[in-house]
């Protein structure tokens, strides 16, 4: 069975989703989804361990060897992210059980869990596959199900947000298939490794360049990179809290993964640098994104929206790490992907508990909540501090590596800007603290109690993880460095 | 072409009709380019199902597009940039139809030359679809399933109101007697044809997806003429919901069975002693799974959309 | 001979398309679309023979089917919203 | 360079531009979806065109033929068509719901309504609406 | 025999396409909906069947023949029924056939439209 791990990783939620639909009682469906997700989590642990021991795993689906069939190819990079996605999904699902029961009407809960598992399948599928077109198929599974998840939000603006996301996401996906199609046209293959081998022969051609262009733009739409981020804040703000937590923690990370995979594995960093000033573009977009989004975040009243903007800013950091173009920079990006998932997961889950209790995510409604829900609020504060990058939290670790990478490259100005942007983060986090702790409650909150244990536990698992990985960095830093090394070592050195 | 006219018109209804024509034309174009299966699908999906869905949702909304406050310069700029990038890309492309383009050299020859021996199905498209890249098709089935879930959850009506109100909805098109009789005559033919497409997909164009759509089209025809409530007697929504799941499970189950028998996931060779027989069995089952899911999802989509509009028409007055 | 027929069918399709663009009433459009559909069916049948592989007539059957169904759907659409029957001109 | 050999791709580009333009420039939500499907169809053309071999025939094996068009793009496009219809279906379902919730499917009207929602929240936040616009739901677990 | 079949099929194809062409022109040129549907549906039925019969002669016995037969049946049934349904629906919706005295005008003026049944 161990040899089947790569495919089991995706197949388990894939089979789980339709089974989930067959459950008559939503509560059972929820528990079943949790079971499925934790199985996937166990498999991903096994996978990471195997990759550590044996190196890259290859699994030919249908028994057809690579360029003819589809293969799964698991290396450091994606086993690390598989672990991230499946663990986040599991933790979020623990909290989902009670939160969904409150936020959604009875007859939609089963659909929610099914769509959730489908989304998980899609994300895991994107991560595991080594086939360019297969990425598109699973991308669509995950996006269609996330449109559904978002549209299940109770506010009517959820619908428009989801529609907007649908339009943008489909344009992005279509751009991606144009890119894949053009690449296929020039090389005759769809397998990523095969592409990487055959692309250098046709590197000079304009078709490959335009393929690259389409691909990057498409992924950046999915990624919500700064000028293309418009769909994200609304989508996150009005989706059910659980969906927000899951999507914020995983979806954009997977998009970043696709970007990294193509830039480094398929096209090769040399090619990318030779044809486009991609570094500069990413640098500028990343920085502008960080600042614009952080400033917007400061003015938000809806706390979900606030953190959604902060997500856009954090994506800016990740892109910045890529823009550095060194091994350390890449490692910083990978590290930040993991750490950001931890922070945002914790934050949005905590917000989910708040919504569970007071049925609103407006900051002003949260006034004075610090005394009513001390544990939840403490979680939000720690998560927020982590966003700022205060020492002892994961946020600090990833910022630290980012700054190290920047200094190594000698970009002083950018370093200073990154530090300043952290101050902006401090401002919006402070706004929350101010509302929550130092504003007297205008509305009678006496009946509000602490969140139920089933929500506090997952929140605090993530918060503790936030602190733990902030102190003991050997695992995360180790793996991301290994992954960065392998990406550079394997393909960067090729002539 | 038609597309241009679509941009200009503001009568949404006419636009939908034209987009139906557009997709018929594009299907003809596909046919001309030897893509029989694609033409088949595009005809049944683009011209059929999506037009139906558009019409069903048009019933609810205003028929005319409002005066748009264009921001044409920006839009034109973006579109122009995209088009330029693509045109720039085309300059180095291998010429249209040339046999020595890289895509005809690398992976495809094996499909064309060896698929008969390896899979034993004359329709190469089917053998790639169901076997070589069977995993993609599993994904595709899952996409359809996802769409079904999405629509079901979005257009959900609670059961009590449904039962109460369904009785008040008159059967439609009562007065079109000729139409009803003809449709009744045609229905078995259509369903038979769907089965033919389903099981003949190995030898000619067609397969689970197309068959599912045709089957659904037959049911939709029946629904349109005899009323939603009549059709619902046969296809209860809970049954439909279960069947969609069953289709996906059948597909994935075949894969798991292969795994249990010692092969890789979806490696049909191990299903029987003789690999080619195994492939046959695998493809048959897999296509059946696709067919079930597609048919039920399409029917569900149509039911959900029409039910919404019917409700608006008769009940909320 | 096939070529001639195909050509004429194309011309007729063009004419139907013009009618579909022009309107003026909705039913004209529906008629034109229907006519266009039947001509497509024929054209596909002819193209099959022209290309030497007439076993692809399945597609023509599907076209005929789809054409019929969409016409009925359209008509039904207007049974529902026939408050303003000829609100096409404007 | 022989430009004529590329005419098919140029048609693709034109169609794509039209579809894309509809998506971006129009405000009617259904029309946007139609534009999206035109856009996608253009991509299908791109794929199918690249699979065509002059003198080839449909990739269904037959003794009489030896040259076949490339079947792989056909398979990919089958998948893509399915994805397209799924997207359209979900999009239309959203449009129907939007129509129910807002009474309109014109983008600017919806934006106006959304902005109103937003402003209400803001006003409430700064204390202009004192009545119980927000109520604590039943709080017992 | 071969030649005879070929000749018959050619005659069928040519006359079928001729009918289609006339139908197409009629569809475009006739003044109102009812004359148009008259032109289109009648010639359509005849033309389509002739073309299909012509193809049948080419195909010979076999699966292709059966499929052509199916299409023929289908188009006979569906085409005529659809025309009927269309005409009926349009009449019900208040579209009125042109009388001889207002043949110059295209369609029915706004005020003269009969009310809903």
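Letters A, B, C, D and E name the chains as they come in the text, with residue numbers starting at 1 for each one.
Heads up, the rule we're going with is that a contact is a pair of C-beta atoms (placed from the backbone, for glycine too) under 8 Å apart; a residue touches a chain by one contact, two chains touch by 3 or more.
All values derive from a computational prediction rather than experimental measurement.
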Touching both subunit A and subunit B (chains): D
Far-end chain from subunit E, centres as C-alpha averages: A
Contact pairs, highest-scoring chain pair: B-D
Chain closest to the assembly centre - both centres taken as Cα means: D
Inter-centroid spacing, subunit E versus subunit C (mean Cα positions, whole Å): 11
Chain centre separation (subunit B, subunit D; CA means) in Å: 15
Inter-centroid spacing, subunit C versus subunit B (mean Cα positions, whole Å): 20
Approximate Å spacing (C-alpha centroids) for the pair subunit A, subunit E: 58
Shared interface positions of subunit E, touching two or more other chains: 70, 74, 78, 81, 85
Junction residues of subunit A - those touching two or more other chains: 133, 137, 140, 144, 147-148, 151, 178, 184-185, 190
Touching two or more other chains - residue numbers and ranges from subunit C: 30, 55-56, 58, 61, 65, 67-68, 72, 75, 79
Pairs of chains found to touch, sorted by chain label: A-B, A-D, B-C, B-D, B-E, C-D, C-E
Of all residues in subunit D, those that touch subunit A in their complex: 20, 23, 29, 32, 36, 39-40, 43, 46-47, 50, 72-73, 76, 79-80, 83, 86-87, 90-91, 94-95, 97-98, 101-102, 110, 114, 117, 121-122, 124-127, 134-137, 139, 141
Contacting residues of subunit C [partner subunit B, same complex]: 17, 20-21, 23, 26, 29-30, 33, 36-37, 40, 43-44, 47, 55-56, 58-59, 61-63, 65-70, 72-77, 79-81, 87-88
In the complex, subunit B residues that touch subunit A: 85-86, 88-94, 101-108, 110-111, 131-136, 138-140, 142-143, 145-147, 149-150, 152-154, 156, 158-159, 241-242, 244-246, 248-249, 252-253, 255-256, 259, 263-269
For the subunit B and subunit D complex, residues of the former touching the latter: 1, 3-4, 6-7, 12, 15-16, 19, 22-23, 26, 29-30, 33-38, 41-42, 45-46, 49-50, 53-54, 56-58, 60-62, 65-66, 68-72, 74-76, 78-80, 82-83, 86-87, 90-91, 93-99, 101, 103-104, 107-108, 111-112, 115-116, 122-125, 128-129, 133, 136-137, 139-140, 143-144, 146-147, 150-151, 154-155, 203-205, 209, 301, 304-305, 308
Contact set on subunit C toward subunit D in their complex: 51-53, 56
